[in-house]
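Here chain A shows up in two complexes: once beside chain B, once beside chain C.
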Partner chain A sequence: MAAHLPYEYIYLRYKKKFPHVWCPGCGIGIVMGSIIRAVDTMNWDMNDILLVSGIGCTSRMPVYLDFNTLHTTHGRALAFGTGAKLANPALKVIAVMGDGDALAIGGNHLIHSARRNIEITTIIVNNNNYGMTGGQFSPTTPPGTFTATTPYGMMEPGFDICSLAQGAGAVYVARGTVYHVMELDKLIAGALEKPGFSVVEVLAPCPTNFGRANRLGDAVKMMESLRDGTITQVQAEKLPPEERVGKTVRGVFLDREDSEGYTARYARLCEQAAGGVSGK
Partner chain B sequence: MSDKPEAGRNAKQEKAQFPEPETTSVHIFPEWCKGCGICVAFCPKQVLEMGKDQKAHVAHPEKCIRCYLCARRCPDFAVSVYGHTRKAEEKRNEGTDGEK
Partner chain C sequence: MSGVPWGETRLVQGNEAVALGALAAGIDFFAGYPITPSTEVAEILAREMPLTGGKWIQMEDEIASVSAIIGASLAGARVLTATSGPGFSLMQEGLGYACMTEVPIVIVNVMRAGPSTGLPTQVSQGDVMQARWGTHGDHPVIALAPCSVEECFNLSIRAFNLAESFRTPVILLPDEIIGHMRERFTFPKQDELQVLPLSEPNVPVEWYEHYHQTASGVSPMARFGRGYRFHVTGLTHDVHGFPTRRIDEVVPKMNRLKQKITRRLDDLEQNEIHGVDESSVVVFAYGSVFRSAMAARDILAKKKKKIGVFRPVTIWPFPDRTVKEKLDNKDVIVVCELNQGQLIHEVERLTSDSVRVVPMQRYDGYGITPEQIVSKVMEVS
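Now for the complex of A and B:
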């Protein structure tokens, strides 16, 4: 059996848990493959990696990956991840969250983890709705689109995850899509390398709920719209502003070195306190 | 022809020294395939086809150029291309099978 599987199966719990529960054409499986290849390039031991998740479609990922895994309450992946990282700073913590998990229920955890600059690699899979519960609108649903709870069209503007993370103080912010999968491998590998809070937003199709409610076609059509609807930063600079409307820019938006990680600061504080030196 | 290696490396000549295997280089694992059609649609050489059982099938293995786009875009880990990378081959040969 194993001889016919792609080499990523080494990182999977392939004997017990496969095939996975995600719908045909769901992009989360592609993101999972990308994470595996990015971790593979880092040459880390699988026992040194902690994968945390909350609740949702994306948060099923720890069930399938053979790292140390923690499947926690809704939106609290970063809170549990922060605790684990402080308890054992040698762990490499990766948090995988969906858009609703990261921005609605866990929105506060996201911005405050970015403010603290805790060393967690956060991967947010954005499929524009709550897929697991039947396609309700989420904070990233584009205005005017239809979901189970917006039958007359979404009336609120959506979050821009990358701008939010940049404003909150993350050190590495990038956006990729599951269509541009080779690029996504590099973006996630870049995020894993950063000693600080890094965010990668991944645009993924949800053909079962969001695609069906908006008549976007099957998984292939939605992948094609990801190809045609996104541009690189270089293309965005060349395009006149009127042609840029409706296109999503992908690539690395922020990659800075000037901020120290939280566990490094915490270790220094512990040393100071143990030595009896007051901070005053 | 002399046996001396040439000064400049030629990718075409190096490739000719290692001919591609005649066996199928793409493999679909049918138990995991859910028939989304992504691999069929985005294959640049039309190697794959959808079968009547709503699963992908390797129709023209001889056309494969090993771009690995089908394997990387498969959400279900059901497509594998032989000769993936050297590192992957080493890992495959380490014999992790049976441990998990």
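Now for the complex of A and C:
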């Protein structure tokens, strides 16, 4: 697309919808920037792009972007997206969700979308808590940390989003952070290129809620924690096990070439059915 | 069998007629989750739709099903899901979303006995109020209650047309007896049917308003992927679809949601009325109970006792005007329902104290028999 124009003139509903709702120091705007740059590399017609979300801070993103945009009910972005994609397979469907939206209330849709391998790029912004409602614990709140609903510390173990996505059948799984922005651009572009169900987990700070509840410092300090607390896969291989403790690994964990997307498979099924192939 | 057997006479089941009605109306997309006693609708469409490239998907639950059909409708498909009581409960949030975002969808809810798992294979009319008020907040609702296989077919088509015409969800509410009974039915010829095309905006992209204010309250709806880029949200929104909290935008939106139904009641109202003007005693019944009411009327006629029978076909919006006009001068109205009293409150609301409104209710999982209605009428008149 016309890359010589500043991105905001091409992709943002800049005249209508700003300023945005996110807090100072929030990571979601950075993820939006990465999505814009990754989409720009794809040379897609903006009329073909559907950005779908659920409910929460991350899910407010669609209103700012000049695609077809669908802000749905809590947890259901992938179910709405599945309907839209199957009804019109020409649509390029991108789902953006927070950790609570994608893994708690929407967890069932996440694993079944992965199992079906529906052609949707799923971006999960993981800030370890429910920001919009005031910082309650989510399925990715680390054990022992404090939130509005874990005043004595989180007692439940969390989900590993990337392991969950791989186990459920996603064909592209990656993790990045909002500190490592250029890397994130590439991870998201890799997901967009995939004709199947792809998942990118993005670690992001929530200084207003999670950061304050756990005395993690200001937004800059939390960004530095992303820098210091994460390592690449190459670094992980080199580090002795005792030094890897507490570090989160970034990178592409799965990139399968052998799996056909749901709508492609469905089209073949229709051809077979019309040709008289039936179980009965 | 393949497709709609246009012009042929067959022995057809109610749920089958619903599915074939959907095919006749040009359904493009079905999403559902198995549940008794509605499953035949999904099964028949699973067999038929892929043959012509229609999209059919079994989702992971009913929440996903209703969400998928809303997404598909926005992407340009004519959509349906089919469920029953507990599944209908799970769909309520999505139903409200479709009301708020004005997305045409059709939901078939074959009513079984509740609450909760209840009597899964047995009949009730317990979801009448759930259909009206199941989702939160003020909202418009259209619900149709068929009483025969023929009507399952015709109202299935009508449901799609109304959803498109009013840009709102339409609920088809057969009870289990109607869904599972079989009757001889002659399908119409294809050219006898009227199916509304899906609306398309006819304005330049930059002029398009997703919720344009019109006299009827309904404006043509663009679909994703056809050049009109718009925003859809369940948040209260302005004419473009963007969230708003401005009073001068919130109130018109809410008023329009209500008025697009109330301004066109004539397009929605459908009743079947037998001998009401000539009788001082009227039986009010709908769905399968109506059939017993008509049989009771015949039995009573042989005993030289005259009764009228009033059946709303469209149960929501309730036919206020006609009920008031036709029933407010009667001595006795026997309201027969397969529940502990749901539409009886509407009849009571619309009639004066001088009219005796008598309940005849059954909620044990079985239908009301003609004999029960006969003895109730003899007892109260």
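The rule is short, and it goes like this: the second predicted complex is superposed on the first by the 270 of 280 C-alpha atoms of A that agree within 3 Å, B and C clash if a C-alpha of one lies under 4 Å from a C-alpha of the other, contacts with A are read in each partner's own complex, and residues count from 1 in each chain.
In this section, a contact is a pair of C-beta atoms (placed from the backbone, for glycine too) under 8 Å apart; a residue touches a chain by one contact, two chains touch by 3 or more.
Keep in mind it's a predicted model, so treat the numbers as computed, not measured.
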item: First, second, both or neither for A:G33, with chain B first and chain C second; value: first
item: First (chain B), second (chain C), both or neither touched by A:N108; value: second
item: Touched partner set for A:D66, first chain B, second chain C, both or neither; value: both
item: Partner chain(s) touched by A:I231 [first = chain B, second = chain C, both, neither]; value: neither
item: Partner chain(s) touched by A:V220 [first = chain B, second = chain C, both, neither]; value: first
item: Partner chain in contact with A:N47 - chain B first, chain C second, else both or neither; value: second
item: Contacts of A:A191 with chain B and chain C, given as first, second, both or neither; value: neither
item: Touching both chain C and chain B, counted on chain A across the two superposed complexes; value: 66
item: Contact footprint of chain C on chain A as seen in their complex; value: 16-17, 46-48, 50, 52, 62-63, 66-73, 76, 79-88, 90-91, 108-109, 112, 266, 269-270, 273-274
item: Chain C to chain A touching residues, read off their complex; value: 28-29, 31, 50-53, 55, 57, 59-61, 63-65, 67-77, 79, 93-94, 97, 223-227, 229-235, 240, 242-243
item: Contact footprint of chain B on chain A as seen in their complex; value: 2-10, 12-15, 18-20, 22-30, 33-34, 37, 40, 66, 178-179, 181-182, 185, 207, 218-220, 223-224
item: In the complex, chain B residues that touch chain A; value: 27, 29, 31-32, 34-38, 41-42, 69, 71-77, 79-81, 84-85, 87-89, 91-92, 96-97, 100
